[in-house]
Every structure is written in structure tokens, then in C-alpha cells.
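The two complexes that follow have chain A in common; it is paired with chain B in the first and with chain C in the second.
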Partner chain A sequence: MSRKILLVAMFAVLFGVFATSMIELETLFNTYGKTYFLEHGYAETGASNLVTAILLDYRLFDSLFEAGILLIAVSGVIWISKHDVEEKNAKFMIDKYKTPDLFITFARLVYPLMLAFGFYVIINGHISPGGGFQGGAIVATAILILYYIDANKETNIGLIVTVEKILYLLIVLMASISIITQGAFFTNFFNPSADADLKAIYLVLLNVLIGFKVALGLWTIFTAFLKEGR
Partner chain B sequence: MSQIPVILIFLPVLTALFIYLFKWRHMHLLALLTQTGMTILAIVYFLHFKDQFEATHIILGGWSDVRIGISLANDGLSMAFIFLTLFMWWSVLTYLYRFGKTEHTFLFFLMFLQGVFLGLLQSNDLFNLFVFFELTTIIVTILIAYKKTGESFRAAIYYLLLNTSGVLLFLIAIVMLYNLYGTINIRVLSEVIHTHADTTILKFAYVLMMTGISVKAALFPVFTWLPKAHGVAQSAISALLSGLIVKGGIYLFFRINFLFESAGLPYHNIFFILGLLTALSGIIFALAQKNIKLMLAYSTVSQIGLIIMGLSSPDITTFYGGVLHTFNHALFKALLFLGAGVIIAVYRTKKLDEIRGVFRTMPIISVMMIIGMLAITGMPFFNGYISKSIIKYGFEDSVFRTLALYLVNIGTTTLFIKMSHIFFGPKMLSYPMKHRQQNITLLLLALACLVFGNFYVEIMDAFFGIDYAHITRISLGGLLDYGITVIIGILIYLYVLKKDVKLVKGIREFKISFETANILFIALLTVLTFYFVIL
Partner chain C sequence: MNPILTFIVILIGFYGLATSNNIIKSVFSVTIIESGVILLFLNLGNLEGGAIPILNDQVSYIVDPLPQALMITTIVIGSTVTALALMLCIKIFHHYGTVEWKEVLGRKDVKS
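And now, the complex of A and B:
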């Protein structure tokens, strides 16, 4: 009991200080970064979606390692959940007879739509909300629905993981091309003053690579969990 | 030439990916090759930029506005830590030479971690620091859980949860600073940080950052993950964690303190107290243990306390004494953990009472272990003596601080007198394994201990430009101090520890649950908030 009272008191203090600092922030708020991206974002990166501009150009170095976190998490989950990476053709816990027919029918209808939407989000990441990370998650969800349609679906995890690693290598290489063309690591390989349509080539390529990598990574994690559940 | 930092980060990452993709038989040789290349690159880079570290500021993406993109920067401290990182990875890779031949997944995580850690050392951007901070946490979690036993899973999850909450506090603080200054470039921030010095939000951001770092650096009272994790991991991983990864937290500790320097926050005394509490609690727990890996792990906690005591000093020479002790501790603790690893592998037990006769069974390893023990207890001519003397010299004015230092030292000495029992006794009859390349690793580390104990003046001058000529290698006072410490240590051992009195047993069986650890974590945050913001 005394523990709980102590905890509540401590949280009250912390929340009080936090609230005070947030009130202070109203007068102290610095808009430098915000205005910079608003004014120069499109001109410098060619992406009207400023999130993509920051993710794939201004702070590409961070994104590489954010993708690295997923890469490490996938390898870790596989290492922990399985005893042999080469093991193929796992059967899944989803029982065909327990999944309602109605659900299977609708899943069949929805599956292509989800896949198409995922690709749309990936490819248009530099124009509209979305991008490789988000679109990749949508594509992965679409793939997972396949397991409801066909419970006996076979997956070769080893192959997916290999492709995922190769994609990560390609992302790093793609991000590094700018050292040859621009003289600095991790930016668009076209000149900042180039046409926005030209620069979009780079953004789309990188978004597609990241999207596939994320989709494959999430697919692997899900499959590993299914096997564990079995 | 100027892009070498980026190459240093990505070379091990790419090597890791290659190892994972092509599981060839001789992949561990590729790792050693990468290691050689990186060492050469780092030396070339250091020699080139030795006198002009301002020029090492690389803006990734080549943006003209420094405040927008991510940048990497080096100085004497980060260069010294880079060399330490490379050296530690050399030790672990050679030590695990045979193991790495077959365990490609392990090598993958190990090499990836090196790249990430080098990124953490060189990054000049707060959010980038956070990313590396997080990635280190995840890789270390997997390395702790690598043996896939129940115990290692529990330790890994404990580590992951506690450290992630610390990392998240760090993230909140970054958001606050960004809203306040519009940039998160560390060099730019440290120039403008004084403009909002008196605001609550700045102080609170500092407190949040420091609490996050305290978890990572295993300060009192949030060190509870460290003995669990270091106790169950493989010996080589324990050596790496104790020697280096924990130092990542300490590195951030002084980086963030540098960043907030001009805001004039009064951090010296409170972190001295926290360091002292860490040192004392670590050594008390260590003395009560009967598992040699746990003894070494708790001893790491106490040495971290000692380092923080040095680093929190306002005096620059004492501060660098703390930095030097970080390096020395990495060397001798890695030596002790790796030596203990060989002993545990031969005797197949971690219990202190069951290991006897190591000296007659493995004379070479024993000599190395004894060098490590002499170094950690502060014998003249070994590296521990130098850094402890520097810190002691800095604390001369205050009786309380000097006494505290002696207390920690006596504890450490007692601990290793207790541990030295493994050397006595008859030879083990059946001697199951050979460990030639392990011997080479241990020899390298022992030599490094001696080098740091004798050529510290040159080393410190080359990296930091600090003159330590006034600290002598040996003095009558130093020898006398050491002798008295050893005698007190033996007395404590004979009259308290050997009899295993009730108190010692109680401490050994004292367990801190995860719930309590979380409450302690919030308590630390609240105390720091009170100290920095409200008072």
C-alpha cells in the first residue's frame, strides 16, 4: 500500500514538472526546423510529402539504421524461435476447418486490393502520405491474409531472410551512390538543383526497396511466431 | 580521408551482412580482415586529424545548413574510445576464434554491434544517438539470450525492458530540446544552450536524459540488470558488455554533460553521491556472492561508480582520471572475464568453492588472471594504480571523498583476495581442453594493462593533451597504501566473509524484483527532478 502511495506521489511530482515545462514551451517554442522544412523541403528534395523528404534525404542515415533495427529484430526472432533456419515447409496453426468460409471468400476479394493499396502507398510515398515503411507494413498484412485463404501454404523462411538481407545491402548501396555524384554520403544522387521529376526517381527506388524489405521482414517475424505457436 | 568515420561504421555492418548471407567455412577470417582494415583506417584518420578535430565535422548529405542534417564529429575522447572498441573486438574475435568458425549468426550480431557502437561514439546528432542507443540495446539483448536457456531469456528481457524505458526518456528529452532550440546538432546546441538556462523545460530535459543514461550506465539504483545479464551471458560477451558496452552509457554521460556545460547545472555533487552509492552497493553485493561471474559483474558496478566519481569532478585532471579509469577497467575486467571463462569451461562450474588448484592446472592463465587482479586492486606498476592515484589526487582537499575512495578500494581488494582462493590447491587430474588462442588474447590484454600502467603520460598526452607527469609510477606512499589496503582486506575476509555470517548470506539472497526495479527507476527520476528542477 505504502508503495502505491509513494508511486502516486512520485508520478504527481513528475507530471507537475512536465506540465509546467509544456506550458513554458508555449512561449519558448522554436520554429526554426519547422519553417526550414516547409520552405526548402520540396525545392531541395523533390518530395512534396515532407515526411519522406526528411526520412529519405535529410535524415537518411537514421532511416538506414531504423531499417537496421527491423533487420536485427528479424534475425533475432528467427534465432530465438527456431533451431534450424533451413527448416522448410512448416505447417501453420491456423486450422482450415475453423476459419469460416465467409471470411475466406472475403479475404480472397480483399487480398488483391490490399496488395495494390500497399504498392500504391509505397510508390507514391514522395507525393502523398505513406512511404516504404508504411506501405511495406500494408503489403505484409496482405501476405498474411494468404495464410487464412490457404492454411497449408508453404514458406521458405531461409530464402525470405536472404532476400531481405540483400535488399538491405542494396538500400545501403543506393544511399551511398551520392558519394560519387555529390561528394557526400546519404542523399539524393541527383543534384539538389535538379528537376523534381528526376529526383523522384531516386525517392521511388529507395521507397520500393525499403517497402519490400519491411514487408519481407514482417512476413518472417509473423511466420516465426506461427511456428512457435504450433 | 575525411569520410573515414562513415566507412568505420559501415565496414563492420556490411561484413556482418556478408557473413550472414554466405555461410562459408572461413567467414571468421573475413571478420579478422575487416578488423585489420578498420584498425589501419582509424590509425590513419587519427594521425591525419590529430591537431585539428574541428575539421572532422562531416555533414551527411552535404547540406549547407548544419542545423538540418545529421553530422558526425570526432575529438580526442571519441578517437580514444574508437581505439578501445577496436581493441576489445580484436580480443573477443581472437578469443572466440574457434567458436566463430561455426556460429555465423553470432558473428553477424557481433560485427553489426561493432558498427553500431562506433556510430554511437561518433554521432553528433541527438536523434541519431537515440537510434544507435536503441539498436545497441536490441543487439545486446539478443547476444545475452544467445544461449537460449530460461535464465538467459529472463535476463535478456529484464535488460531489454529496463533499458528501453531509459532510452524512451532520452527520446522525450530530445523532443523537448528540439522544440526549444529548433536543432539537435550537438555542436550547435552546446553553443546556444545557455540561452534558456533558467527554464524548467531545459532542466527537466537534462534530468530525463540523465535518468536514461543512468540505466544504460548501470548507476545506483538501476544497476540491477547488469549482474543478471553479465552473469548469464557467455564469458566473451560478458567481457564485451562489462568492458565496453556499459561504457557506452558512461560516454554519453560526459557527452551530455559537455552539451549542457554552459547552462551551468550543478551536477557535480549529486553525481558524486550517486557514483559513491553505486560503488558501495556494487562492492557489498560482490563480496557476498559465491559465483565468480556474479562477483566480477558486481565488481563492474562498483568500478562504474568509481568512474562516475571521477567524471563528476569539476577539475579537468580528475575528470580525465575517470576517463583513464574507464579504459583501464575495460582492459582488466575483460582480462578477468575471459580468464574466468576459460576456468569455467575447464571446471564446468561457476561456484567459487568448487574451483581449486587453478595455478597448478593452468599456470599461464593464472599468471594473466593475477595480473588482472593486481591491476584492478591498484598495485603500483599496473594500470589501475595510475587512474586511482589521479582520482585520489583530485580528491585530496576533501576528507570525505578520500575516505570514500579508500572504502571502495578496500572492498575491491577484499573481493579479489576472496577470489584468489581458486589458485590454491592440488592440480586437476584430467585436463580436458586446449586453449592456445585464448592464451594469446589474455596475453594481449595483460600486456595492455602493463602498457597503460607505465606509459600513461604519453598516451594521455597524445589523445587529450593532458599532462600527468606529476603522477609517479611508484612511490613509497603508494606502496604503503596498497600494503595497508591488502592487510585490511585480508582481515575483513578472515573475520567476516570466510565465516559467512548471517548478514553476508542475507545480502547474497537479496533479490530485487522487476517491479521494485521499476519503482527504483521512477524514484531516481523523481530525486533528480527534485534536485535539478524544484530546488
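And now, the complex of A and C:
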């Protein structure tokens, strides 16, 4: 009982500290960064979606390690997972006879639409809401529906992880091209004064690479959990 | 939404982390803390009256795009960390036959 009283007291202290720090929030927060992105963001990066401009140009260094952490976590999940990578023909947890026929029929209809929508979100990441990470999640969801349609589907996890590693290397290489053309790390490889449509080529390429990498990573995690649950 | 409300969400997560007996519930508590942090950061961008940060001709006042870009990182990392933790839970269950903290830590063959 005394432990819970101590816990509540600790939470009260934490809450007080936070509430007093929030009083000064109005003076701490300023709009210089926002104004800068609003005025120069499109001209400097060629992306009218400012979140993509920050992710893929201003703070590309962060995004690279974000993709790297995804790769490391996928490797960890597979390594912890009980079954070997070489095992191909695992029986999955999903039983075909328990999945309703209605779901299977509609999944076949919805599957190409989901895939097309995922590609749309990936490719238009620089002019509309979305981008590589979000579109990759949609594509991964579309792929996972296939496991409900065909329960005996074979998956070669080793091949998927190898392709994912190659894609990560390609992302790093694509981000490093700018050291040759621009003399600076991790930015657009076109000149900042170039036309905005020309600079969008770089954004689309990087979005597509990141999207496929994220889709493959989430697919691998799902497959590892399926094999574990049998 | 007030930032203080988001801190209440974070405290709920801390409470679950401190009092839960089940390992899977602890993983969920970490997820709740993460949701609170995401809400807190999205609050910091002058939400009132701002348009979405996608530029076209009409837009003159937008929300701050920087916290949104940072929170994509948090969401991706959070999902992968949750997947890794749940996989560890499965391995603990296969090895010890239980996912209760006290039963796992109280075993003789575990050096705590």
C-alpha cells in the first residue's frame, strides 16, 4: 500500500514539474523555423509537401538512421525468432478453413486497389500527404492480405532481408551522390537554383526506395510472427 | 488540446509500467507513453487556424512542419520496438511457460 502512495506522490511531483514548464511554453516557442520553411521550402527542395522537404532534404541524416533502425529491428526479430531463415515451407497460424469465404473473395477484389493506392501515396509523396514510410506501410498491408487468401504461401525470408539490405545501401548511396555534385553530404544532388520539377526527380527516387524498404521490412516482421505462432 | 492532457496520458503509461504484472501489459504501457509523447509534440506547432503544411497558392499560415516530420521517426521506431519486444515475450513464454513478471523473476534458475 505504501508503494502505491509513493507512486502517486512521484506522479504528482512529475505532473507539477511538467505543468510549471508548460507555463513558459508561449515564450519558448517561436515561429522562425515555420516562417523559413514557408518562404524558402519549395524553392530550395522542390517539394510542396513541407514534411517531405524536411524528411528528405533538410534532415535526411535523421531519416537515414530511421530506416537503419527499421533494418536493425527486422534483423533482431528474425534472429530471435525460433525457426531458421532457410526454412521455407512453414505451416502458418492462419487456418484456411477458419477464414470466411466472403473475406477471401473481397480480399481478392480489394488487394490490387490497396497496392495501387500504396504506390500512389509513395510516388506523390512530395506534392500530397504521404511519403515513403506511410506508403510502404500500405503496400505491406496489401501484401499481408495474400496470406489470408492463400494460407500455404511459401516465403523465402532470407531473400527478402537481402533485398532490404541492398535497398538500404542504395538509399545511402543516393543520399551521398550530392558530395560529388554539390560538395555537401545528404542533400539534393541537383543545384539548389535548379527548376523545382527537376529537383522532384530526386525526391521521387528516394521516396520509392524508402517505400519498398519499409514494405519489405514490415512484411518480414509479420512473417516471423506467423511462423512463431504455429 | 491542452499539453497538460497529453502529460496525463504519459502518466497513465508510467502507472501501467509500474504496476502491471504481465510482460505484455508492460509493452502496451510503453506504447501508451509513446502515444502521449507524439500528441505532445504535435501540440507544439501552433495548431489553431493553421493549414496543413502543403504549399499552394491559397496557403499563407501553416502549422509547424518540423514536429510532424520528427514524429514520423517516432512512429516508425515505436512500431519496430514493439515488434521486437513482443517477439521477446513469445520467446520468454516458450522458455519459461509464463509471461508474469514475478513468476519469471522468482525462478531459481534465473539470476536477477
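Rule of thumb we're sticking to: the second predicted complex is superposed on the first by the 228 of 230 C-alpha atoms of A that agree within 3 Å, B and C clash if a C-alpha of one lies under 4 Å from a C-alpha of the other, contacts with A are read in each partner's own complex, and residues count from 1 in each chain.
The rule is short, and it goes like this: contacts are C-beta pairs under 8 Å (C-beta built on N, C-alpha and C of every residue); 3 or more make two chains touch, one makes a residue touch a chain.
As the structure is a computational prediction, the values presented were derived from the model and not from experiment.
In the superposition on chain A, no contact is made by A:Phe190 with either chain B or chain C. In the superposed pair of complexes, A:Ile80 makes contact with chain B and with chain C alike. Shared-chain residue A:Leu14: touches chain B and chain C both. In the superposition on chain A, contact is made by A:Ile69 with both chain B and chain C. In the superposition on chain A, contact is made by A:Leu60 with chain B only, not with chain C.
Judged by the touch definition given at the top, the superposed model places A:Phe29 against both chain B and chain C.
Once the two complexes are overlaid on the shared chain, A:Leu50 sits against chain C while remaining clear of chain B.
Within the superposed three-chain model, A:Tyr147 lies out of touch with both chain B and chain C [touch as defined at top]. Taken together, the two complexes place residues 7, 11, 14, 18, 22, 25, 29, 31, 33-34, 37, 59, 62, 66, 69, 73, 76, 80 of chain A in contact with chain B and also with chain C. Residue ranges on chain A touching chain C, taken from their complex, read 4, 7, 11, 14-15, 18-19, 22, 25, 29, 31, 33-34, 37-38, 41-42, 48-51, 53-55, 59, 62-63, 66, 69-70, 73-74, 76-77, 80-82, 127-129, 131, 133-134, 214, 217, 221, 224-225, 228-229.
Those residues of chain C that touch chain A in the complex are listed here as 3-4, 7-8, 11, 14-15, 18-19, 44-46, 52-56, 62-66, 68-70, 72-73, 75-77, 80-81, 83-84, 86-88, 90-91, 94.
Those residues of chain A whose C-beta lies close enough to touch chain B in the complex are 3, 6-7, 10-11, 13-14, 17-18, 20-22, 24-25, 28-34, 36-37, 44, 57-62, 65-66, 68-69, 72-73, 75-76, 79-80, 162, 165-166, 168-169, 172, 176, 178-179, 182-187.
In the complex of the two chains, the chain B residues touching chain A come out as 3, 6, 10, 13-14, 17, 20-21, 58-63, 65, 67-70, 105, 108-109, 112, 116, 119, 127-128, 131-132, 134-135, 138-139, 141-142, 145-146, 148, 153, 176, 178-183, 196, 199-201, 204-205, 519, 522-523, 525-526, 529-530, 533-534.
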